[in-house]
Structures are given as C-alpha cells and as structure tokens.
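Chain IDs A, B, C, D, E, F, G, H, I and J follow the sequence of writing; residue 1 opens each chain.
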Amino acid sequence: MTDKYKERRFDTYGYEKIDKEVLESIEYEYPEKNTIVEYITNEFSSVCPWTGLPDNAKLTIRYIPSKKLVELKSLKYYLTSYRNVGILQEHAINRILDDLVELLQPKFMEVIGEFQERGGIATRIVAKYEKEK
Amino acid sequence: MTDKYKERRFDTYGYEKIDKEVLESIEYEYPEKNTIVEYITNEFSSVCPWTGLPDNAKLTIRYIPSKKLVELKSLKYYLTSYRNVGILQEHAINRILDDLVELLQPKFMEVIGEFQERGGIATRIVAKYEKEK
Amino acid sequence: MTDKYKERRFDTYGYEKIDKEVLESIEYEYPEKNTIVEYITNEFSSVCPWTGLPDNAKLTIRYIPSKKLVELKSLKYYLTSYRNVGILQEHAINRILDDLVELLQPKFMEVIGEFQERGGIATRIVAKYEKEK
Amino acid sequence: MTDKYKERRFDTYGYEKIDKEVLESIEYEYPEKNTIVEYITNEFSSVCPWTGLPDNAKLTIRYIPSKKLVELKSLKYYLTSYRNVGILQEHAINRILDDLVELLQPKFMEVIGEFQERGGIATRIVAKYEKEK
Amino acid sequence: MTDKYKERRFDTYGYEKIDKEVLESIEYEYPEKNTIVEYITNEFSSVCPWTGLPDNAKLTIRYIPSKKLVELKSLKYYLTSYRNVGILQEHAINRILDDLVELLQPKFMEVIGEFQERGGIATRIVAKYEKEK
Amino acid sequence: MTDKYKERRFDTYGYEKIDKEVLESIEYEYPEKNTIVEYITNEFSSVCPWTGLPDNAKLTIRYIPSKKLVELKSLKYYLTSYRNVGILQEHAINRILDDLVELLQPKFMEVIGEFQERGGIATRIVAKYEKEK
Amino acid sequence: MTDKYKERRFDTYGYEKIDKEVLESIEYEYPEKNTIVEYITNEFSSVCPWTGLPDNAKLTIRYIPSKKLVELKSLKYYLTSYRNVGILQEHAINRILDDLVELLQPKFMEVIGEFQERGGIATRIVAKYEKEK
Amino acid sequence: MTDKYKERRFDTYGYEKIDKEVLESIEYEYPEKNTIVEYITNEFSSVCPWTGLPDNAKLTIRYIPSKKLVELKSLKYYLTSYRNVGILQEHAINRILDDLVELLQPKFMEVIGEFQERGGIATRIVAKYEKEK
Amino acid sequence: MTDKYKERRFDTYGYEKIDKEVLESIEYEYPEKNTIVEYITNEFSSVCPWTGLPDNAKLTIRYIPSKKLVELKSLKYYLTSYRNVGILQEHAINRILDDLVELLQPKFMEVIGEFQERGGIATRIVAKYEKEK
Amino acid sequence: MTDKYKERRFDTYGYEKIDKEVLESIEYEYPEKNTIVEYITNEFSSVCPWTGLPDNAKLTIRYIPSKKLVELKSLKYYLTSYRNVGILQEHAINRILDDLVELLQPKFMEVIGEFQERGGIATRIVAKYEKEK
C-alpha cells in the first residue's frame, strides 16, 4: 500500500525559493528607546524534506528595533515563500532569524516556532540573536 | 509598492490536481448500527483563486458509514492534494463532501470548514448530505 | 468637569453613510444544497447616537445561500462604513440583516451582535430572516 | 465572638427602595421581527434578608421585544437600586422579571441569576414569562 | 505491604447517619411560575463502602419548585452528613433525590453527581424525578 | 532508514486477549428510574493492527441501567486488556459496546472514543445501543 | 475590482487630532509607596495610514505614580481621539507613552499594544519609560 | 435625561465607616518560617466618590506573617464595611494595606485590586509593604 | 434557627489522629541530581476547629529528594488521616511540611494548600523548607 | 474479589527492553547558537513495577543542542519501547535524560514528566543535565 504514496511524493523546492528579496524595511522613529516589537502568526508552513508532507507552525518574531522595522506585508510574502520549500524545522527557524537580522540590524531578536505534532510529538524551537556591545 | 507583490503572485493549480484517485475505503464490520464517525484536522490548506494566498482551515468530516470507512492515510493524502489548488472556500467544502459521498455511500455525511480570518473576517461552512430513503 | 467632554462630542454621520452600494455578490455553485455559511468578525464598530462614543461588537452573519454568496472584501468595506455612523445597537443589527437579505435573497439568514459592556452591561442581539415557502 | 458580628449587622432596606420608577423604555423600530435582545451584567448585588450580607450575581435578561426596548442607563440605575435591599435571591429574580414585563410588554422574557456561592453552594435561578396568544 | 493499609481501614457510618431531619423548607412566593432553581457545590463527599476511602464530587440539584424552597443552610448540613457514610455513588445520588422530593414536592427535580476519578475513571450520574400529571 | 523500524514492529495480540471474563456486575437498587450513568477515562489505549503503534483515546461510556451496574474495578481491568491488542479504532468502540450490553442489559448505552490525532487527523466515534420496546 | 475600493478610501486625520489637551491628572495620596497602577482596555482603535482601514488593539498602561494619577474619564477621551487618526501601530504606542509621561512624571511607565492580526499576522508592542535617578 | 439620574445619586459614607475595629488577629504558631499566606475574594465592592456608583473588584491579600494571622471572619466584615464608602480605587487598596500592616506587623504584605471596567477601561492596583530590616 | 445547627456540631479529632506512622519512604536511585518531584491532589480535606465544617483544598508537595522518595500509597493514607482532624489551614500546611521533611530529609521542600473559599474568601498557603548547607 | 485481579497481573518487561539502540542523531547546522529545542508528547506510557498497571504521562524534552539533533522518528520508537517496561516514574524520567545526553552531548537538557493521577495524586518530575564548563 505504501508504494502508492511514494509515487505521490510532493515536489518540494530548494532553499533558493526562500524569497529574501521581497523583504522591506521602514524607518523607525523611536530608535533611542528599547521598545519590544512582536509579530505572531498561526499560519507558517514549510515542507518536510524527507516525506514531502507539510509542517505547520505558530511563529513568533520578537525584537528590539534599532533604526528599522520590517514592513508587515513584505514579511507576509517572505514567510509565505517557505510554503513549498523542503527544510528541517530547526533550520527554518534559524534561517528566518538570520535573514531578518541582516535586514534590520536589531539590538535583539528571537524567533520561536511551535510546530504541530508529528507521530504524536510536537516541536518548539527558540533561536536568538543579541547584538554585541 | 503593490507591483512587487503582483509579480510574486504564486502559481496555483486547477481542480484537476485534486487527487480523488488516492482515496481508498476499507470494509466496515458494523453496517447495521448507526455509528457516528468523525475526522478532525487543524491543518487543511488551499489557495485563494484571486490572490494566490493560502487559506487555512480546521476541517471536520462527520458521517454514518454504511458498508465502508475511508482509509485514514489515503484521506490525509487526498486532503493534502488541495494545498496548491486555487478554489473558493465554499466550493472546496462542497467538493470534499461530493468526493467522499461517492466513495463511501454513507447514510449521512457533513463536512465543516472553519477558515482563519481574512481581512478580520473568519468563515465557517457546513455542507451536508443525507441518503434518500 | 462634564462640560469639557460635551464640547468634545464626536461628530457622527447619519444612516446615509452606510455604504450599501459597495456590497457585491458572487455566483454560488451549489444552490440545491442547504449549506450553512457563516462570517465572524471581532471588529465591528459603530457609534452611540446619544454620546458619540464607539460601540464595539463581535458580529456573526449566518445564512443558507440560494444562488449568491456575498463577496468577502465588499462585506468588509460595507461593515467598516458603520464606523462613524450614529445608530442604536439593536437597529444596526436589523439594518445589516435587511441589506444582506436584499442583496443575496438567501433561504435563511441570522445576524448576531455581541456588544462590549457599557455601564457594566453587555448586550447581545439576534435578528433573523426566513424565506417564506 | 459572634456577638460582635451581630452588633454590626448591616441595615437593609425594604422592597420600597426598588426603584421601578427610574425605568424608561424607547421605541423599537422592528416590532414585526422576532429579534432576541439580551443584557448581561456580572455586577448585580442585593443583600440577604437574614444575615445582612451581600449576595452577588451574574444577571442575564433575555427577551423578544414587542414595541419597546428598555433604555440601558435606566436599567443600570434600576438594578443598582437593589444594592441595599434585603431580598431572597429567588424573589429578586422574579421581581425583576415582573417589573420589566410590566414596562415592556414583550413577547417573551427570561431573567437568569447566577449567585456566587454561600457556604460552598452556588445558586442559579431562571424565571420566565411568555405572552399568551 | 497491603496489610498495613487494611488495618487502617477507616470506620464508616451506615445510612442512619444521613441527617434527613435537618432539612428545612421555606415558602416560595411564585408557585404559579415554572421557575428553575439550581444549587451547585464542588464539595460533596461520601465514603466508598468497600475501601473506606473518600469519594468527592461536584453536585448539582436542579428543580422547579411548587410551594417550597429548600433552606440553603439546612441543605449544607444535610449534604455534609454524608461525609463519613459508606454508600455507593449511584445510590447516594438517588437517595438525595428521594429525600428532597419528599421535602419539597417539586414539579421536577434532577440531581447530578460528577465524581472525581478512581483508577483513572471518573463517574457522572444523573437521577431525575417528574411529578405525574 | 525505514527498514530498522520494520524490524522493530511491536508484537500485537489478537482479539482473544480482550478480557471479557473479568467484567463483573453489581445489583442496582433503583431500576425503575431512568438514571443516566457515565464513566469517563482519558487513558484508553489499543494498538493499530497495521503499524503496531499505540492508539490513545478518551473514552466515555454512558448508559441507563436496568437491573445491573458494571463494577468499576472490573471495568478498569477489562479496558486495560485492550492495551496490546491490534484492533481498528472503529471496531474497538463497537466491541466495547457489545460486551457491556451483553453484561448489563441496559435500557440504553452509548460508547464514545476520542482518539488522538494520527497524521494530523483526530478521530471520534460514537456507537449506540437502544433496547427494543 | 480594486478600483472601487480605492475610491472608497476612508479619510484619516493627521496627528494634530490626538487630543492631548483633554488629559487631566488628579493628586495621588501615597507618593512615597511604589504602588503599581494598570489600566486595561480591549477597545483601542486607530487607522492604518496606508490603507485607511481600522487597527484594533488591547491596550495596557502600567505605571508607578509619583505625585499624580491620570483621571480615568479624561484617559478614555484621549484614547478615543486616535479613532480616525492615521498612524503606524509602533508609533501610536510610543506616542501614548510620551504624552502620559509628560502629564504624570511617573517613576516608571510601560504601554503595551496587542493589535488584531492583519494578513494573518498579529502585532504586539511594548514601550517603556524609566525615570533617571 | 441626565437630571433624573442626578437626583438619584446614591448617598455614600465617608472614610469613618471603614470598620477597622472589627479586625481581629490570632496567634501564628510558625513565626520562624517564611510562610506565604494569601486571601482571595471576587466580591470586594466600594463606591466611586464622584458618581456614587459601585466599583467591584477581585482582591488579593498576600503576606508573610510574623506573629499574627488575621482572623478570616473579621476580615470579611472589615472588607464588607467598604460597601457604601465613597473612595477612589487607588486609595482603597492603599488603605487596606495600611490597616492590615498595623494589625499584623507582617514581614511583607501586598494588596492587589482588579477592578471591573468603567468606560471600557479596567484598573489593576498593586500596593506593597516590606518591613525594614 | 442557629441552635439546631449547634447541636449538630460534628465531632472532630485532635492532632493525635494524624497518621504519621503510615508514611513510608523508598530508595531514590539518582541522589546526586537536583531532580524536582511534585505531587498534586485536589482532594485534601480537614475540618475547621471552630465550626466543625470541612475545609477542602488542592495540595501541592514539591521537593528535591536527597536519598529517599515518599511511597505514594502511604502518602495518600497519611493525607486522608487529616479528614476528621480539627486544625487551622495554616497549621495543617506547616505540619505536613514538618512530617515529610522528617521522613525524607530532602534538599528542599515546599507545601502549597489552596483552600476553597469560606465567606467568599479563598486561602492559599505556601510553606517552605531549605536544608542548611 | 482481589484474587481475580492478582491472577490477571500483566507481564511487564525489564529495563533491557528499553530500546536505546534505535535512537539516531542528525547533524545540527547552527551549533554556535544557543537555540532551545523542545519535544512535547501527551502519549508517553510505562508500567508500574508493583501493580503492572499503566502509568501515562505528558513528556517534555528541552535542550540546547551542541552538534546533534535527535531524529524525531527514532525518538518516537525509543519512547514507545517503554510501553511494557516496569519502571518507577522518577526512574523513567532520569533514564530518558541519561540516554539522550549520551546520544547528543547537548549543552543543556531537561526532561519533564507529568503523570496522570493515581489514588487521586498526580506526579510531576523534572530532571536536568548541564554540561560542565
């Protein structure tokens, strides 16, 4: 019976489809304050590189902006670009952190992924960046 | 600014990618009883035909089997095949109902989709089938 | 002290600002079924005609479509047009029902408003329409 | 030790302090519909006639208006007038029902009181009125 | 190791300790209405007749009074009198129903016991009385 | 990589290990009443006959006893006997219903199984028995 | 179809409509204590400067007063004055902080905005002020 | 319309009705330990000095006793004595702290009031006392 | 009316009925680790020494074992032995702490009692022990 | 009656059935970061060595990976291998910690078991490992 499902393995894209270029920043008017900004979405989705099946997660992006904020619509398109990319959960979270740190140069950033259970086991990943002083 | 996003419009598939053939049934040993069977998933996903953006939903499939049960793994692959199909929410729910009624010939079936909000408005759809007596 | 607030009374619009014209319908492909469709938003807002202060509500629109569905984006703009209109809660709910029944000619429709408390008292209103047979 | 508390027994008012006169109605513009209107407050309070101690409750008033709605501010003042009246919980709920039925002549009315526990026992009372046809 | 616990078996009382005499009724002023009255406590406790160990439950007593209400303080003492009585859960619930029906002659009464789990299994019992017409 | 897991396939027992003999009934003292009795456990477990992996469920057994109650400790041992039996979820629920109906001859019985998700899909099954009159 | 909505773009006000003058303080009688005072509302609303659509939020204002408290009614009118102002969420939160710090000269203040999701992404912002010692 | 409500302004008492004398302490047998004791009630009520309308709160009193505990019944009567006193929320919480610190001389005490919303704004106040060492 | 209840005052036992002897320890195999062990029960019950009425609580026992664990069945019998003992809530919690510290010689122990409300006031007590180093 | 249950004592396996060999690690691409990884399952099950009855738990495994991640499918099979092993709850949690530390050499690891109540008492165990620096 398994053979039928192997044939149906979904095509997945490689990392090159992660659309880093769509990301856009906007000027932040209160750079001297240590304001915390958080974006939360229940709708992140990527694909398991081994089975080709979707991995769905709640995503939290928390940071202290320096001079820039991420523009929300560009963030949505950036996150949606993972939808058909085959990538391990732990690597996806770290990759999002790296791309946003490069864009925003924040004082602090933390990305949290809470993935729905697979085989009865849910996964939660917390990746952090802190600017050296 | 909108132009950039128009260029990035995601390719969506047509209805022909809905994988009805993967569905499989198994014999049900208690056909004389009016047993209620329900499958619930938080991870249904299709694509809006107009914007190319994902539509995520909680799906409930409730039925009174006659002689057949749907095989769960085949159901998972069937539902996953909607992932990149452009289809209106109301039509997706009715289509799932039609495909499963054709497969199982149940005494009763109900498919419920609870879609995450878009523009601040969430949508809930309940489609029903009742065998004529 | 009250005088200061009287001066600051917010301007409110009359019923003519309720934007019924923006509403648009789309063809529904399963008119023969008694499918239930529901839209839910936590963000409805109108203005108390006496105090000029906002009245916020959770709104549920539930119906059995006949030949038409309401287009979601047009619904959002229609509901947003109440934002600065001075209208009693009970009347707003009945007015929404009337406008949507006129647009969609559904088999059944129900509009529910759950307004946040004022003076410690919350209000819930359920208005219904049923097509004569 | 009990004597001290007996001395401190709070003065309670009789039924004559229930301020029925403050109640005001407003015209309802949709009398032909069977619209359901509900008012909910967590802050109703009266006094136990035997101990002089406060009885606090969540109150729900549900009705189908005929030609009148109760004005919300007058309702608040009416309910607040029970604050120092000594009255059994079961009688308070029935009295509220009677006063509002007299004022509004509704098609249907139901008053529900959910009183906080005394001696580890919470009390819930549901009193109903239905217009004879 | 079990022997030690057998020795320590708690003494339990027989049914004669159920203090039916403490129950008191008060006049109800609205006998013509079908008002529903409910008492809810999380603190009912009796003892398993076989193991001598406590059985704890949430208890709900719901009725439509005819001419009498049960006095709340007397109800508390009545329920507390089960504390050291050895009685099966199903029988306790039915006994409470019988004692209160005898006292109050209500139009309807229902007693619900929701017992904490034993051996991983919780028990819920619903006993009902309806006056013959 | 899959081969390693195939080798490790857990041994499962056949239906003959379902320990119907352990079940015991006790006399019920209120057979003339239509009392509802419910047992609820979060800890039911059987094994998928195809993968050999555990299937865990919340189980609710609801009935109106005629002359007998099931003894709770014997019920616990009966349910635990499914722990290593390979049986489809739908069949397990119907089998439990049949064994208990045979033992107790109730007026009515309903067994509900709410199984934890597999492949992102949870399953709920409701099997019913009603005595012919 | 978009054109229709562009025409309907809501007029939004500039920052000059933020009614800082309405704010009023009252004397605080316990200035020597480090008492924490918090105001929480679910009903804050401003307007997105780009789309003209409402942005709704839960707002928490937490501070340690020095010599003054904000008068609650004046705070309500101040917050309501944002209702039709076009302002970025991050800037609104910082602006509220600045206006209240200027009014109250507190020892510490923190303003938290939890905005409802847009495009499936909710935003939470925490802005802080601490008096230099 | 407001005039009617002005006439009905409730009489409120001054601070002299706060019944500090009713408070009683009992000996604490474990003064050498840093045990934390907390009392929680959902039923605190005082009156707004400006409008004469009730202010209801959840109250938490947390302390580390030194040699005395407050007697619970006397605490209840003390708290109930605020029922008709006109006092600002922030001042009520600090006053309760002062009275109990004077009575008990605790190592630490904290009083928290969580007041129900007025004008859509809820208030939470935390007042603290710490013994000097 | 009170007299009747005075007569019915429940007999309560003295401290000598607290069954410290039933407690048993078992060897702990990981004494070098700082493992935290917690036992939680919703079913603790003792009796108020003044009124003879039951006091029910949720109990949490948290410790870092040194060389011994408490045997769970013996703990259950120990806790059940408080059922008819008249003891102040604050003293019961401290007494349980002392008995278990004597038995187990843990590195750290904390006992928390969350008692159901009496007179509308719930009580929470946290008693701690820390081994001197 | 107990004898019958003694005969039915379930066979349990010894520690040698804990399938440490099935565990597999995968390379982690971000070893320089202090990323936190967590796996959560509601479906852990082992057997009480004294009664032969199942012990069910929620399990949380939290760690900071150094160079390796545990492969999720191998983790599932490892955890499932405890299903028929007789082992004390406190020892099972410590054993899982030891096996995973040996496999992954993480910078930090914590295993938490939250076991369902037995005899009305639930158990929670937290075992920790921290790499020496």
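We adopt the following convention: a residue touches a chain if its C-beta (ideal position, glycine included) is under 8 Å from a C-beta of that chain, and two chains touch if they have at least 3 such contacts.
Protein names from UniProt, one per chain: A, B, C, D, E, F, G, H, I, J = NADPH-dependent 7-cyano-7-deazaguanine reductase.
Just so we're clear, the structure is a prediction, and the values are computed from it rather than from any experiment.
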Consider the two chain pairs A-G and C-G; indicate the one with the greater count of contacting C-beta pairs. A-G
Nearest whole angstrom, what separates the Cα centre of subunit G from the Cα centre of subunit J? 48
In angstrom, rounded to a whole number, how far apart do the mean CA points of subunit B and subunit C lie? 30
Where the CA atoms of subunit C average out and where those of subunit H average out, how many Å apart are those spots? 43
Two or more other chains are touched by the subunit J residues 42-43, 73, 116-118, 120
Every pair of chains that touch: which are they? A-B, A-F, A-G, A-J, B-C, B-F, B-G, C-D, C-G, C-H, D-E, D-H, D-I, E-F, E-I, E-J, F-J, G-H, H-I, I-J
Listed in rising order, the residues of subunit I that touch subunit E in the complex are 1, 4-5, 8, 10, 19, 22, 24, 42-43, 45, 53-54, 56, 73, 77, 80, 83-84, 116
For the complex, give me every residue of subunit A touching subunit G. 26, 28-30, 33-43, 65, 69, 72-73, 75-76
For subunit B, which residues are in contact with subunit G within the complex? 116-118, 120
Per the touch rule above, subunit C residues touching subunit D in the complex are 90-91, 93-94, 117-128
